[in-house]
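Naming follows writing order (A, B, C, D, E and F), and every chain is counted from residue 1.
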Amino acid sequence: MLAMRRQADVLITLFFFIIVVSLFPLGVGPEMNILRAIAPGVLWVAALLASMLSLGRLFSIDYMDGTLEQLLIAPSPLFLLVLGKMISHWLVSGLPLVLMAPILGIQYDLSLEALGVLTLSLLIGTPILSLIGAIGAALTLGVRGGGVLVSLLVLPLYIPILIFGAGAVEASAAGLGYDAHFSLLGAFLLVSLVFAPWAAAASLRISME
Amino acid sequence: MIWDSWSDFFNMGGYGLYVWGSYLATFICVIGEILMVKRSARTLRQQLSLTKESILRERKDEATS
Amino acid sequence: MSINWYKYAAPSSFYFLAGKLIPFFTVLAVIFLVAGLYIGFFVAPTDFQQGEAYRIIFIHVPAAWMSMFLYVVMAFWAGIGLAFNTRLSSMFATAIAPTGALFTFIALWTGAWWGKPMWGTWWVWDARLTSELILLFLYIGFMSLQAAIDDPRRADKAGAVIALVGVVNIPIIYFSVQWWNTLHQGASVSVMQSPKMATAMLVGMLVMVLAAWMYSIAVILLRARNIILERESHTSWVAELRGTTR
Amino acid sequence: MLVATKLECTRGGHVLFTDLNFSVKSGELLQIHGPNGSGKTSLLRMLCGLTQPSVGKITWNDSNIRSLGEQYYSCLTYLGHMIGIKDDLTAVENLSISCALAGLEVDNKMALEALQQIGLKGRENLLARVLSQGQRRRVSLARLLLVKTKLWILDEPLTALDVVAIKLIKEKLEWFLAQGGMVILTTHQDIDISATAIHHLHLN
Amino acid sequence: MLAMRRQADVLITLFFFIIVVSLFPLGVGPEMNILRAIAPGVLWVAALLASMLSLGRLFSIDYMDGTLEQLLIAPSPLFLLVLGKMISHWLVSGLPLVLMAPILGIQYDLSLEALGVLTLSLLIGTPILSLIGAIGAALTLGVRGGGVLVSLLVLPLYIPILIFGAGAVEASAAGLGYDAHFSLLGAFLLVSLVFAPWAAAASLRISME
Amino acid sequence: MLVATKLECTRGGHVLFTDLNFSVKSGELLQIHGPNGSGKTSLLRMLCGLTQPSVGKITWNDSNIRSLGEQYYSCLTYLGHMIGIKDDLTAVENLSISCALAGLEVDNKMALEALQQIGLKGRENLLARVLSQGQRRRVSLARLLLVKTKLWILDEPLTALDVVAIKLIKEKLEWFLAQGGMVILTTHQDIDISATAIHHLHLN
């Protein structure tokens, strides 16, 4: 729908990741063993930030220019439209990271298995971030100081994802099983896939009253 | 002559890959640039419908002025 | 020698002048290139430390130098264009950017292909390497900014600002080897000291530098001609070229 | 048919209007009058189901619009103060997107035609950013030429338009009313539409 | 001037730092020696990101709502107004970090001297980020894909600051002198303080043509 | 006195207008007419020095406005399409800030008074976000009641205003012209101002 805009946005996020991930070696110094240790953390934090920072724009531009009103009175179910928005948010903020993760991981000298686990954990984890984040973004539309609020609302829900996601990679590096982490992440994903679009749609209606 | 044979020359004392990798890439870049400039010149002149003839006339203009 | 500079400051006259100069520089570029390559590969001896790998120097150093020179020249012309509102100098700056970026890329590429055998790695986050990478970003930023702005005059001015701001990077690149202890080679050619390398190497390198210069001038003039034609396409002298009026 | 009964709107503790009753039938136009801040926009948004009335109800063909949901929305076109034009898209793209949102598949040709009809010939592919105020407004109004809805709710559709465009819109409205459409609009400017039934509603 | 809005923004940035800086231990794991090694890098990267990400909003809101036009025709020198904007950007995106640095540094188990050097380097370095960034923000106003462009333009100029800033801390940790780093940073600050407002003002005029 | 000679404006390769000559003296009003997209806004922005004319020059009391810079701006008030009202600030805050930008120190009392005069009594401390379209417009117009400049350039000042507000603005303009002020404005609506000298300029 907004493919043209999305392109530029994807570029922004890709750029953002590359920056975050390449700046660290610059700032931290080039010792490989340190870099290897921080790699999953860096990538996961980058994912979290990218997701959170683009939340602000998720609805607010549409809100300001009136497109959101049109969305609310569109003749298709609102939660589907919202789901579309969430998916496009993920395509913009999550997917590029998933695709880049292997490349960036190589820069950090990760092992092949760790790379796989990392990518998979990001693949499952980042959609959850978009799904949950959209609820926060919808709730804080047009609220004074919405920016802080949305972080405050969303962060507590993001942290578990971060811990399990990065945890899986560390577990694999330590030679432990990481199935438990993945099944938990998967469960989160399912639950939020079912409830989040519905909750965000309701929040939007409330915010636009 | 510092090279005993052609293969010696291409081998570059074991560093052939690196030396030729650099040189090859450089020449591809340079030739690519030339081709790109030439092509844009051609399309531009086509767009402006500048013909060979007018380009010749341009030379002549220059000579007279 | 008195040349009427003002005459050539008009895009139309410059267009014709450039047309005349291009063949000259092209021929020179080819001559220097052939000579430089000959010296580089058949005269210059093997380096006692690096073996044959050092022969990358014949493109690496000219490219690295050009990348910096061209940036300064570009910023200079862009600045003139901004300050005196002269269209031609802005167009010149626009014409320089891609060639500068190309040389930057070549310097990075050849550096990497040199680093692999010498340092054992393609890339390190070393100050000179990083700052050369930054230079590439600067060129790309300049070009993308200009491409993103539809109005050419505004594009010129905006580009000029960023080009001028970016000039600070040049001394950083140049002095980076002195400021930090890095992997990268220090300056081995300087006006003050006698050169530390074999004469044939030095001569070969310098000839290649000349070739790079001549090539840059030729290609930049070509591109400048394109830009002039494009920007001035609605003017009477282009119409005259087309033969519609007269 | 749209029927509003006993509508009340309160904003920040103030009552903007109470006990508002009206109905709009096929072929009818309802013009809402009132000074700035009297609640015209609030009323229109209510009629769109964007806000809930504090008291009263709105029905469309005898069912509450709230319960109809998308079924109602597929009959409705609303143009508000904010016109939903994105600066970074061209005129055509803007029109296509807003039509797509309205559930209308519009191909490029139709969009171009509509834009030309509304007087944007030659500017179809300019970014909305460089369009003049009136031209932007026209882009959003172009949607009216394409939609096939029954009820139009227009919030000051004439702002920023020149006389030619105003005449065009007027004619379009007349045509639409003659087709049996329903229009509810607000405007501070005078607009003399020759239709069979024009009602006026004064707030305050 | 916009003190009310600033408050909310400062909160956002503070929050951002706390998130970035506290998430890392979560993502990376609690080994103190690794944390200590990455601390300057993390803080500096956080500063860079905070600065870069808030650049978008620096002029664009004013641009959209017409305030920027009023700024350009205000009867005071434009470069002073721009300097004001830059300062407020620094107050929002830089100062909070400088103030937080000691606290966050403790979290990463830095030595007292390293803490001091870190804070000082941030104090000198972050204003440069705001000064330079404003030029990029002004140049990309109303340009297609402005978001990527501003990063592309500004990042090359940010990286030296990052290198010198983080380098100073590392030098001090390694027991080397860090005066050179500081004097370079200081020189950068002076140069940009003199030229940046002027360049940004010119850019604004160019962008509003 | 503002004098424009041989102005030309080109946009995206098109010439919007050329060879435009006019002058505005003390006590005079210049109304600019023209259809949408004819270059009215572009002309006004040029007169403000926001864009450079491609050809021609604009002088204020015989000096080029470009060289006058801030000296010119301190005589000028410009209200454009975009009204510079921030949603997150209250009406008073918005007014104070816009006055501060115009180099005018305004205390709270004066700001409140101006807002009341322009018909926003009781809404001074509401966030601009909740104000109606006309009320937002009034907030930006309130500045005219406070500034002490000689030249007003107003781009469609009447949009979204109701009849009462239009009358108020009309009266204010008449008063200002009688004081020796100069006004340049565009509007698609009719406005009948009784002033000694009204000039009309038609674009296209």
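Following the convention adopted for this analysis, a contact is a pair of C-beta atoms (placed from the backbone, for glycine too) under 8 Å apart; a residue touches a chain by one contact, two chains touch by 3 or more.
Because the structure is predicted, anything quoted here is derived from the model rather than measured.
J.: Among the other chains, which touch chain B and chain D together?
T.: Under the touch definition, chain B and chain D have no mutual neighbours whatsoever.
J.: With chain centres defined as mean CA positions, report which chain is farthest from chain C.
T.: The chain lying farthest from chain C is D.
J.: Please tell me whether A-D or B-C has the greater number of C-beta pairs in contact.
T.: Looking at contacts between chains, B-C has the larger number.
J.: Please work out the Cα centroid separation of chain E and chain F, and write it as a whole number of Å.
T.: Their C-alpha centroids are separated by 37 Å.
J.: For chain B and chain E, let me know how many angstrom lie between their CA-based centres, rounded off.
T.: Spacing between the chain centres: roughly 44 Å.
J.: Could you tell me the distance, in whole angstrom, between the mean C-alpha positions of chain D and chain F?
T.: Result: the chain centres lie 29 Å from each other.
J.: Which residue numbers or ranges of chain D touch two or more of the other chains?
T.: 81, 88
J.: For chain E, jot down the residues that touch at least 2 other chains.
T.: Answer for chain E, listing residues that touch two or more other chains: 144-145, 152, 155, 159, 163, 209.
J.: At which residue positions does chain C touch at least two other chains?
T.: Answer for chain C, listing residues that touch two or more other chains: 130, 151.
J.: Tell me, which parts of chain F touch chain E in their complex?
T.: Residue positions touching the partner: 45, 48-52, 70-71, 73-74, 76, 78, 80-86, 88-89, 93, 97-98, 100-103.
J.: In the complex, go through chain D and note every residue touching chain F.
T.: The contact residues of chain D facing chain F are 11-12, 34-37, 40-41, 81, 119, 123, 126, 130-135, 137-138, 156, 159-166, 188-189.
J.: Can you list the residues on chain B that touch chain C in the complex?
T.: Chain B residues touching chain C: 1-3, 9, 12-15, 18-19, 21-23, 25-26, 29-30, 33-34, 37-38, 40-41, 44-45, 47-51, 53-55, 57-59, 61-62, 65.
J.: Which residues of chain E touch chain C in their complex?
T.: 132, 135-136, 139-140, 143-146, 149, 152-153, 155-157, 159-160, 163, 167, 180, 184, 188, 191, 195, 199, 202-203, 206-207, 209
J.: Give the list of chain F residues in touch with chain C in this complex.
T.: 12-13
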